[in-house]
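Look at the two complexes coming up: chain A is in both, with chain B in one and chain C in the other.
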Partner chain A sequence: MNKKISQQAKMLREIMSYHFKAVDLTLYLDTHPSDVKALAEYNHTTQILNNLTAAYEQCYGPLTVFGSAMSQYPWRWIEEPWPWQVEF
Partner chain B sequence: MWLYQKALEYPVRVSGPNPRLAKIVLEQYGGSDGEAGAANRYLTQRYMMPTGMAKGILTDIGTEELAHWEIIATLFYKLMKGVTPAQIKAAGLADYYANHGKDVYLQNAGGVPFTAAYFATKGDPVANLVEDMAAEQKARATYEHILNLSDDPCVNDTLKFLREREVVHFQRFGEVLDNVQTWMNTKKCF
Partner chain C sequence: MSSRKIFYPVEPIGACFPDARLAQAWTPYQCIGMIFDPAVGLLEGTIYPELVRPYEPHPHIPDEIVQRRMLGL
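For the complex of A and B:
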(Lines of atoms letter the chains of each structure in order from A and count residues from 1; the text may use other names and numbers.)
(Lines give C-alpha, C1' and ligand atoms only; values in the text may rest on other atoms or scores of the structure.)
Protein backbone atom coordinates (compact mmCIF):
# COMPACT_ATOMS: atom_id res chain seq x y z
CA MET A 1 0.00 0.00 0.00
CA ASN A 2 2.74 2.43 0.95
CA LYS A 3 4.72 1.61 -2.18
CA LYS A 4 1.68 2.22 -4.37
CA ILE A 5 1.05 5.56 -2.68
CA SER A 6 4.64 6.69 -3.05
CA GLN A 7 4.68 5.88 -6.80
CA GLN A 8 1.39 7.76 -7.13
CA ALA A 9 2.78 10.69 -5.13
CA LYS A 10 5.84 10.73 -7.37
CA MET A 11 3.76 10.96 -10.55
CA LEU A 12 1.44 13.47 -8.93
CA ARG A 13 4.34 15.63 -7.84
CA GLU A 14 5.66 15.86 -11.39
CA ILE A 15 2.22 16.92 -12.63
CA MET A 16 1.97 19.45 -9.79
CA SER A 17 5.29 21.06 -10.72
CA TYR A 18 4.25 21.51 -14.39
CA HIS A 19 0.80 22.60 -13.32
CA PHE A 20 2.31 25.28 -11.12
CA LYS A 21 4.46 26.43 -14.02
CA ALA A 22 1.28 26.74 -16.10
CA VAL A 23 -0.45 28.73 -13.32
CA ASP A 24 2.44 31.17 -13.07
CA LEU A 25 2.68 31.56 -16.86
CA THR A 26 -1.08 32.16 -17.04
CA LEU A 27 -0.87 35.11 -14.64
CA TYR A 28 2.17 36.46 -16.52
CA LEU A 29 0.42 36.14 -19.91
CA ASP A 30 -2.68 37.89 -18.55
CA THR A 31 -0.60 41.06 -18.23
CA HIS A 32 1.89 40.33 -21.07
CA PRO A 33 -0.37 38.91 -23.81
CA SER A 34 2.10 39.74 -26.62
CA ASP A 35 5.13 37.97 -25.11
CA VAL A 36 5.83 35.38 -27.82
CA LYS A 37 8.41 33.46 -25.78
CA ALA A 38 6.15 33.15 -22.72
CA LEU A 39 3.24 32.03 -24.89
CA ALA A 40 5.37 29.32 -26.54
CA GLU A 41 6.50 28.20 -23.06
CA TYR A 42 2.87 28.06 -21.91
CA ASN A 43 1.77 25.99 -24.89
CA HIS A 44 4.75 23.65 -24.49
CA THR A 45 4.04 23.23 -20.75
CA THR A 46 0.37 22.50 -21.52
CA GLN A 47 1.40 19.77 -23.97
CA ILE A 48 3.68 18.09 -21.40
CA LEU A 49 0.94 18.40 -18.79
CA ASN A 50 -1.62 16.76 -21.08
CA ASN A 51 0.69 13.77 -21.62
CA LEU A 52 1.60 13.41 -17.92
CA THR A 53 -2.04 13.75 -16.89
CA ALA A 54 -3.20 11.08 -19.36
CA ALA A 55 -0.55 8.66 -18.05
CA TYR A 56 -1.49 9.37 -14.42
CA GLU A 57 -5.22 9.01 -15.05
CA GLN A 58 -4.66 5.58 -16.65
CA CYS A 59 -3.16 4.38 -13.35
CA TYR A 60 -5.07 6.31 -10.69
CA GLY A 61 -8.29 7.68 -12.20
CA PRO A 62 -9.40 11.19 -13.23
CA LEU A 63 -7.70 14.33 -11.91
CA THR A 64 -10.71 16.40 -13.01
CA VAL A 65 -14.36 15.49 -13.62
CA PHE A 66 -17.47 17.26 -14.97
CA GLY A 67 -16.54 16.08 -18.45
CA SER A 68 -12.82 16.92 -18.45
CA ALA A 69 -11.50 13.37 -18.26
CA MET A 70 -12.95 9.91 -18.82
CA SER A 71 -13.00 7.25 -16.09
CA GLN A 72 -12.50 3.50 -16.07
CA TYR A 73 -15.12 1.24 -14.43
CA PRO A 74 -16.09 1.54 -11.64
CA TRP A 75 -16.16 5.36 -11.33
CA ARG A 76 -12.65 6.11 -10.08
CA TRP A 77 -13.00 9.76 -9.00
CA ILE A 78 -13.91 8.79 -5.45
CA GLU A 79 -10.78 6.71 -4.89
CA GLU A 80 -8.49 7.82 -2.05
CA PRO A 81 -6.16 9.51 -1.40
CA TRP A 82 -7.68 12.95 -1.80
CA PRO A 83 -5.12 15.78 -2.13
CA TRP A 84 -4.88 16.54 1.60
CA GLN A 85 -4.20 12.86 2.35
CA VAL A 86 -1.26 12.43 -0.02
CA GLU A 87 2.05 11.81 1.75
CA PHE A 88 4.87 13.49 -0.15
CA MET B 1 -18.10 27.24 -13.75
CA TRP B 2 -15.08 25.94 -11.91
CA LEU B 3 -13.17 22.69 -12.23
CA TYR B 4 -11.63 20.99 -9.22
CA GLN B 5 -8.23 19.41 -9.80
CA LYS B 6 -7.55 16.45 -7.51
CA ALA B 7 -4.06 17.71 -6.62
CA LEU B 8 -2.65 20.43 -4.40
CA GLU B 9 -0.89 23.39 -6.03
CA TYR B 10 2.18 22.69 -3.87
CA PRO B 11 3.13 19.67 -1.71
CA VAL B 12 2.28 19.82 2.00
CA ARG B 13 4.52 18.00 4.44
CA VAL B 14 4.70 18.29 8.22
CA SER B 15 7.36 16.95 10.61
CA GLY B 16 4.73 15.66 13.03
CA PRO B 17 1.64 16.54 15.04
CA ASN B 18 1.73 20.17 16.17
CA PRO B 19 -1.59 21.59 17.43
CA ARG B 20 0.02 24.89 18.48
CA LEU B 21 1.15 25.55 14.90
CA ALA B 22 -2.17 24.24 13.50
CA LYS B 23 -4.00 26.97 15.39
CA ILE B 24 -1.57 29.65 14.16
CA VAL B 25 -1.97 28.73 10.47
CA LEU B 26 -5.75 29.22 10.78
CA GLU B 27 -4.96 32.94 10.52
CA GLN B 28 -4.48 32.36 6.76
CA TYR B 29 -7.56 30.13 6.51
CA GLY B 30 -10.24 32.46 7.88
CA GLY B 31 -8.35 35.57 9.03
CA SER B 32 -8.74 39.13 7.73
CA ASP B 33 -5.85 38.78 5.25
CA GLY B 34 -6.20 35.04 4.72
CA GLU B 35 -6.82 33.00 1.59
CA ALA B 36 -10.64 32.78 1.90
CA GLY B 37 -10.81 36.57 2.05
CA ALA B 38 -8.43 36.90 -0.90
CA ALA B 39 -10.35 34.44 -3.12
CA ASN B 40 -13.72 36.03 -2.33
CA ARG B 41 -12.35 39.56 -2.70
CA TYR B 42 -11.04 38.98 -6.24
CA LEU B 43 -13.82 36.72 -7.46
CA THR B 44 -16.42 39.24 -6.23
CA GLN B 45 -14.67 42.33 -7.63
CA ARG B 46 -14.10 40.96 -11.14
CA TYR B 47 -17.60 41.51 -12.58
CA MET B 48 -17.39 45.28 -13.09
CA MET B 49 -13.73 45.51 -14.11
CA PRO B 50 -13.42 47.62 -17.29
CA THR B 51 -10.81 45.61 -19.27
CA GLY B 52 -10.43 41.98 -20.28
CA MET B 53 -7.01 41.96 -18.60
CA ALA B 54 -8.47 43.08 -15.26
CA LYS B 55 -11.33 40.55 -15.47
CA GLY B 56 -8.82 37.83 -16.35
CA ILE B 57 -6.30 38.51 -13.59
CA LEU B 58 -8.99 38.72 -10.88
CA THR B 59 -10.51 35.43 -12.11
CA ASP B 60 -7.14 33.66 -12.23
CA ILE B 61 -5.62 35.01 -9.00
CA GLY B 62 -8.97 34.45 -7.23
CA THR B 63 -8.88 30.84 -8.43
CA GLU B 64 -5.27 30.39 -7.33
CA GLU B 65 -6.21 31.72 -3.87
CA LEU B 66 -8.78 28.91 -3.58
CA ALA B 67 -5.89 26.48 -4.13
CA HIS B 68 -3.94 28.26 -1.37
CA TRP B 69 -6.98 28.03 0.91
CA GLU B 70 -6.90 24.26 0.33
CA ILE B 71 -3.16 24.17 1.14
CA ILE B 72 -3.80 25.90 4.50
CA ALA B 73 -6.58 23.42 5.32
CA THR B 74 -4.19 20.59 4.42
CA LEU B 75 -1.54 22.02 6.76
CA PHE B 76 -4.12 22.13 9.56
CA TYR B 77 -5.35 18.59 8.79
CA LYS B 78 -1.84 17.15 8.81
CA LEU B 79 -0.70 19.08 11.90
CA MET B 80 -3.76 17.79 13.84
CA LYS B 81 -3.38 14.19 12.66
CA GLY B 82 -2.71 11.83 15.58
CA VAL B 83 -2.92 14.59 18.20
CA THR B 84 -4.31 13.43 21.57
CA PRO B 85 -6.81 15.42 23.69
CA ALA B 86 -4.03 15.88 26.29
CA GLN B 87 -1.75 17.47 23.65
CA ILE B 88 -4.65 19.63 22.46
CA LYS B 89 -5.19 20.85 26.03
CA ALA B 90 -1.48 21.55 26.55
CA ALA B 91 -1.32 23.53 23.27
CA GLY B 92 -4.23 25.78 24.32
CA LEU B 93 -6.73 24.35 21.81
CA ALA B 94 -9.26 22.94 24.30
CA ASP B 95 -11.81 25.65 23.46
CA TYR B 96 -11.37 25.03 19.72
CA TYR B 97 -11.59 21.24 20.14
CA ALA B 98 -14.72 21.48 22.30
CA ASN B 99 -16.60 22.98 19.35
CA HIS B 100 -14.91 21.67 16.19
CA GLY B 101 -12.96 18.58 17.21
CA LYS B 102 -10.19 18.23 14.63
CA ASP B 103 -12.23 19.74 11.79
CA VAL B 104 -10.90 22.88 10.18
CA TYR B 105 -13.12 25.92 10.83
CA LEU B 106 -13.27 29.25 9.00
CA GLN B 107 -11.80 31.43 11.74
CA ASN B 108 -8.58 33.31 12.47
CA ALA B 109 -5.86 32.20 14.90
CA GLY B 110 -7.65 34.01 17.73
CA GLY B 111 -10.98 32.23 17.16
CA VAL B 112 -12.83 35.07 15.38
CA PRO B 113 -15.13 33.61 12.68
CA PHE B 114 -14.63 34.67 9.06
CA THR B 115 -16.72 37.61 7.82
CA ALA B 116 -17.39 39.31 4.46
CA ALA B 117 -16.46 42.56 6.25
CA TYR B 118 -12.80 41.63 5.58
CA PHE B 119 -13.06 42.77 1.95
CA ALA B 120 -14.80 45.41 -0.12
CA THR B 121 -16.35 46.14 -3.49
CA LYS B 122 -16.17 49.89 -3.97
CA GLY B 123 -17.77 50.41 -7.38
CA ASP B 124 -14.46 51.83 -8.59
CA PRO B 125 -11.84 49.70 -10.34
CA VAL B 126 -8.86 51.76 -9.15
CA ALA B 127 -10.03 51.67 -5.52
CA ASN B 128 -10.64 47.92 -5.80
CA LEU B 129 -7.25 47.17 -7.38
CA VAL B 130 -5.38 49.28 -4.83
CA GLU B 131 -7.17 47.34 -2.08
CA ASP B 132 -6.05 44.12 -3.80
CA MET B 133 -2.42 45.27 -3.83
CA ALA B 134 -2.60 46.16 -0.13
CA ALA B 135 -4.23 42.79 0.57
CA GLU B 136 -1.30 40.97 -1.04
CA GLN B 137 1.19 42.91 1.10
CA LYS B 138 -0.82 42.20 4.27
CA ALA B 139 -0.96 38.50 3.40
CA ARG B 140 2.82 38.50 2.79
CA ALA B 141 3.39 40.13 6.19
CA THR B 142 1.08 37.57 7.86
CA TYR B 143 3.06 34.70 6.30
CA GLU B 144 6.25 36.26 7.66
CA HIS B 145 4.71 36.49 11.15
CA ILE B 146 3.67 32.82 10.98
CA LEU B 147 7.16 31.85 9.75
CA ASN B 148 8.59 33.67 12.80
CA LEU B 149 6.35 31.56 15.06
CA SER B 150 6.81 28.21 13.30
CA ASP B 151 9.15 25.49 14.57
CA ASP B 152 8.58 23.03 11.69
CA PRO B 153 10.93 23.27 8.65
CA CYS B 154 8.53 21.21 6.48
CA VAL B 155 5.69 23.63 7.20
CA ASN B 156 8.06 26.55 6.56
CA ASP B 157 8.77 25.23 3.06
CA THR B 158 5.06 25.44 2.17
CA LEU B 159 4.62 28.80 3.91
CA LYS B 160 7.56 30.24 1.95
CA PHE B 161 5.96 29.13 -1.32
CA LEU B 162 2.70 30.83 -0.33
CA ARG B 163 4.54 33.99 0.76
CA GLU B 164 6.29 34.14 -2.63
CA ARG B 165 2.95 33.92 -4.45
CA GLU B 166 1.73 37.05 -2.63
CA VAL B 167 4.71 38.92 -4.06
CA VAL B 168 3.92 37.71 -7.61
CA HIS B 169 0.23 38.61 -7.24
CA PHE B 170 1.17 42.10 -6.02
CA GLN B 171 3.30 42.53 -9.15
CA ARG B 172 0.48 41.37 -11.46
CA PHE B 173 -2.10 43.64 -9.77
CA GLY B 174 0.28 46.59 -10.24
CA GLU B 175 0.45 45.83 -13.97
CA VAL B 176 -3.35 45.61 -14.17
CA LEU B 177 -3.69 48.93 -12.32
CA ASP B 178 -1.53 50.53 -15.06
CA ASN B 179 -3.70 48.87 -17.71
CA VAL B 180 -6.93 50.16 -16.14
CA GLN B 181 -5.55 53.68 -15.69
CA THR B 182 -4.42 53.76 -19.34
CA TRP B 183 -7.90 52.60 -20.37
CA MET B 184 -9.49 55.40 -18.30
CA ASN B 185 -7.20 58.03 -19.85
CA THR B 186 -7.80 56.94 -23.45
CA LYS B 187 -11.55 56.80 -22.81
CA LYS B 188 -11.49 60.53 -22.05
CA CYS B 189 -9.92 61.31 -25.46
CA PHE B 190 -12.92 60.48 -27.66
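For the complex of A and C:
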Protein backbone atom coordinates (compact mmCIF):
# COMPACT_ATOMS: atom_id res chain seq x y z
CA MET A 1 0.00 0.00 0.00
CA ASN A 2 1.56 3.31 -0.97
CA LYS A 3 1.88 6.20 1.41
CA LYS A 4 -0.80 8.32 -0.26
CA ILE A 5 -3.47 5.61 -0.04
CA SER A 6 -2.41 4.85 3.52
CA GLN A 7 -2.91 8.46 4.58
CA GLN A 8 -6.17 8.63 2.63
CA ALA A 9 -7.44 5.44 4.30
CA LYS A 10 -6.44 6.80 7.69
CA MET A 11 -8.44 9.98 7.09
CA LEU A 12 -11.41 7.97 5.81
CA ARG A 13 -11.38 5.78 8.90
CA GLU A 14 -11.39 8.83 11.14
CA ILE A 15 -14.29 10.34 9.19
CA MET A 16 -16.18 7.04 9.41
CA SER A 17 -15.68 6.89 13.17
CA TYR A 18 -16.93 10.44 13.76
CA HIS A 19 -19.78 9.88 11.34
CA PHE A 20 -20.79 6.80 13.31
CA LYS A 21 -20.56 8.73 16.56
CA ALA A 22 -22.80 11.46 15.13
CA VAL A 23 -25.37 8.87 13.99
CA ASP A 24 -25.38 7.17 17.39
CA LEU A 25 -25.84 10.51 19.15
CA THR A 26 -28.81 11.36 16.93
CA LEU A 27 -30.46 8.10 17.96
CA TYR A 28 -30.04 9.04 21.60
CA LEU A 29 -31.25 12.61 21.03
CA ASP A 30 -34.38 11.37 19.27
CA THR A 31 -35.52 9.96 22.61
CA HIS A 32 -33.76 12.48 24.87
CA PRO A 33 -34.24 15.82 23.03
CA SER A 34 -33.66 17.94 26.15
CA ASP A 35 -30.35 16.35 27.17
CA VAL A 36 -28.02 19.34 27.14
CA LYS A 37 -24.87 17.29 27.55
CA ALA A 38 -25.72 14.99 24.65
CA LEU A 39 -26.65 17.92 22.45
CA ALA A 40 -23.34 19.62 23.20
CA GLU A 41 -21.53 16.38 22.38
CA TYR A 42 -23.45 16.10 19.12
CA ASN A 43 -22.63 19.66 18.09
CA HIS A 44 -18.97 19.19 18.99
CA THR A 45 -18.85 15.93 17.03
CA THR A 46 -20.53 17.54 14.03
CA GLN A 47 -17.99 20.35 14.05
CA ILE A 48 -15.09 17.89 14.08
CA LEU A 49 -16.75 15.81 11.36
CA ASN A 50 -17.22 18.87 9.16
CA ASN A 51 -13.57 19.85 9.63
CA LEU A 52 -12.34 16.33 8.88
CA THR A 53 -14.55 16.11 5.80
CA ALA A 54 -13.38 19.49 4.49
CA ALA A 55 -9.72 18.53 5.03
CA TYR A 56 -10.23 15.21 3.23
CA GLU A 57 -12.07 16.78 0.30
CA GLN A 58 -9.37 19.41 -0.05
CA CYS A 59 -6.76 16.66 -0.45
CA TYR A 60 -8.57 13.86 -2.23
CA GLY A 61 -11.76 15.22 -3.75
CA PRO A 62 -15.44 15.04 -2.86
CA LEU A 63 -16.83 12.37 -0.56
CA THR A 64 -20.35 12.70 -1.95
CA VAL A 65 -21.15 13.23 -5.57
CA PHE A 66 -23.16 16.45 -5.47
CA GLY A 67 -24.46 19.21 -3.26
CA SER A 68 -21.83 18.97 -0.56
CA ALA A 69 -18.38 19.98 -1.79
CA MET A 70 -17.32 22.04 -4.78
CA SER A 71 -14.96 20.37 -7.25
CA GLN A 72 -11.57 21.49 -8.44
CA TYR A 73 -10.78 21.35 -12.17
CA PRO A 74 -11.06 18.86 -13.76
CA TRP A 75 -14.16 17.16 -12.30
CA ARG A 76 -12.78 15.28 -9.32
CA TRP A 77 -15.48 12.75 -8.59
CA ILE A 78 -14.36 10.27 -11.25
CA GLU A 79 -10.79 10.46 -9.97
CA GLU A 80 -11.73 9.03 -6.58
CA PRO A 81 -11.08 5.35 -5.89
CA TRP A 82 -14.24 3.30 -5.53
CA PRO A 83 -14.96 2.25 -1.94
CA TRP A 84 -13.79 -1.28 -2.62
CA GLN A 85 -10.50 0.01 -3.96
CA VAL A 86 -9.53 1.66 -0.68
CA GLU A 87 -7.45 -0.60 1.53
CA PHE A 88 -8.26 0.03 5.15
CA MET B 1 -48.74 1.97 -14.01
CA SER B 2 -46.91 -0.98 -15.52
CA SER B 3 -48.50 -4.37 -15.01
CA ARG B 4 -45.16 -6.11 -15.40
CA LYS B 5 -44.30 -8.17 -12.37
CA ILE B 6 -40.78 -8.46 -11.07
CA PHE B 7 -39.76 -11.72 -9.49
CA TYR B 8 -36.83 -11.76 -7.12
CA PRO B 9 -35.01 -14.96 -6.26
CA VAL B 10 -35.89 -16.21 -2.80
CA GLU B 11 -32.94 -16.31 -0.46
CA PRO B 12 -32.96 -19.12 2.11
CA ILE B 13 -33.61 -17.74 5.59
CA GLY B 14 -30.37 -17.16 7.43
CA ALA B 15 -28.28 -18.16 4.42
CA CYS B 16 -25.78 -15.34 4.66
CA PHE B 17 -25.70 -14.64 8.39
CA PRO B 18 -26.99 -17.73 10.20
CA ASP B 19 -25.99 -16.45 13.64
CA ALA B 20 -26.86 -12.80 13.11
CA ARG B 21 -29.38 -11.01 15.28
CA LEU B 22 -31.27 -8.92 12.76
CA ALA B 23 -33.46 -6.96 15.15
CA GLN B 24 -33.61 -5.86 18.77
CA ALA B 25 -36.97 -5.17 20.37
CA TRP B 26 -35.68 -3.65 23.58
CA THR B 27 -32.58 -1.85 24.81
CA PRO B 28 -31.85 -0.56 28.31
CA TYR B 29 -33.09 2.98 29.03
CA GLN B 30 -30.11 5.26 28.80
CA CYS B 31 -28.77 8.16 30.81
CA ILE B 32 -25.80 9.42 28.91
CA GLY B 33 -22.55 9.06 30.80
CA MET B 34 -19.19 8.07 29.47
CA ILE B 35 -19.08 7.47 25.73
CA PHE B 36 -16.43 5.64 23.75
CA ASP B 37 -13.75 7.25 21.68
CA PRO B 38 -15.11 7.32 18.08
CA ALA B 39 -12.66 4.68 16.84
CA VAL B 40 -13.65 2.33 19.67
CA GLY B 41 -17.33 2.99 19.06
CA LEU B 42 -16.96 2.07 15.41
CA LEU B 43 -15.49 -1.29 16.40
CA GLU B 44 -18.05 -1.97 19.14
CA GLY B 45 -21.05 -0.97 17.05
CA THR B 46 -22.13 1.58 19.65
CA ILE B 47 -20.60 4.59 21.37
CA TYR B 48 -22.44 3.75 24.61
CA PRO B 49 -20.65 1.28 26.90
CA GLU B 50 -23.97 0.22 28.47
CA LEU B 51 -25.16 -1.03 25.07
CA VAL B 52 -22.26 -3.37 24.41
CA ARG B 53 -23.74 -6.85 24.31
CA PRO B 54 -24.53 -8.79 26.31
CA TYR B 55 -26.32 -6.25 28.50
CA GLU B 56 -28.74 -6.71 31.34
CA PRO B 57 -32.07 -8.07 30.12
CA HIS B 58 -35.32 -6.21 30.72
CA PRO B 59 -36.37 -6.66 34.38
CA HIS B 60 -39.83 -7.94 33.39
CA ILE B 61 -38.55 -10.77 31.21
CA PRO B 62 -39.23 -14.08 33.02
CA ASP B 63 -36.14 -15.91 34.25
CA GLU B 64 -37.00 -18.92 32.12
CA ILE B 65 -36.76 -16.89 28.92
CA VAL B 66 -33.54 -15.23 30.06
CA GLN B 67 -31.97 -18.63 30.68
CA ARG B 68 -33.13 -19.94 27.32
CA ARG B 69 -31.52 -16.95 25.60
CA MET B 70 -28.29 -17.44 27.51
CA LEU B 71 -28.24 -21.00 26.21
CA GLY B 72 -28.88 -19.75 22.68
CA LEU B 73 -32.26 -21.52 22.41
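Here is the rule we use: the second predicted complex is superposed on the first by the 86 of 88 C-alpha atoms of A that agree within 3 Å, B and C clash if a C-alpha of one lies under 4 Å from a C-alpha of the other, contacts with A are read in each partner's own complex, and residues count from 1 in each chain.
Everything that follows uses one rule, which is that a residue touches a chain if its C-beta (ideal position, glycine included) is under 8 Å from a C-beta of that chain, and two chains touch if they have at least 3 such contacts.
What you see is a predicted model; the values in this text were computed from it and never measured.
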(request) Check the residue A:38 against both partner chains and state whether it touches chain B (first), chain C (second), both, or neither. (result) second
(request) Could you look at A:24 and tell me whether it touches chain B, chain C, both or neither (first, second, both, neither)? (result) both
(request) Determine, under the contact definition given at the top, whether A:13 touches first (chain B), second (chain C), both, or neither. (result) both
(message) Can you tell me whether chain B or chain C touches more residues on chain A?
(response) B
(message) Contact-wise, after the overlay, does A:66 reach chain B, chain C, both or neither (first, second, both, neither)?
(response) first
(request) Answer with first, second, both or neither: which of chain B and chain C does A:80 touch in the superposed model? (result) neither
(request) Report, in rising order, the residues of chain A that make contact with chain B in one complex and with chain C in the other. (result) 13, 16, 20, 24, 28, 32
(message) For the complex, give me every residue of chain C touching chain A.
(response) 30, 32, 35, 38-39, 41-42, 46-48
(message) With touch defined as at the start, can you tell me which chain B residues reach chain A in the complex?
(response) 1, 3-13, 53, 56-57, 60-61, 64, 70, 73-74, 77-78, 168-169, 172, 175-176, 179
(message) Could you list, by residue number, the parts of chain A that touch chain C in their complex?
(response) 13-14, 16-18, 20-21, 24-25, 28, 32, 35, 37-38, 41, 45
(message) Which stretch or stretches of chain A touch chain B in the complex?
(response) 12-13, 15-16, 19-20, 23-24, 26-28, 30-33, 62-66, 68, 77, 82-84, 86-88
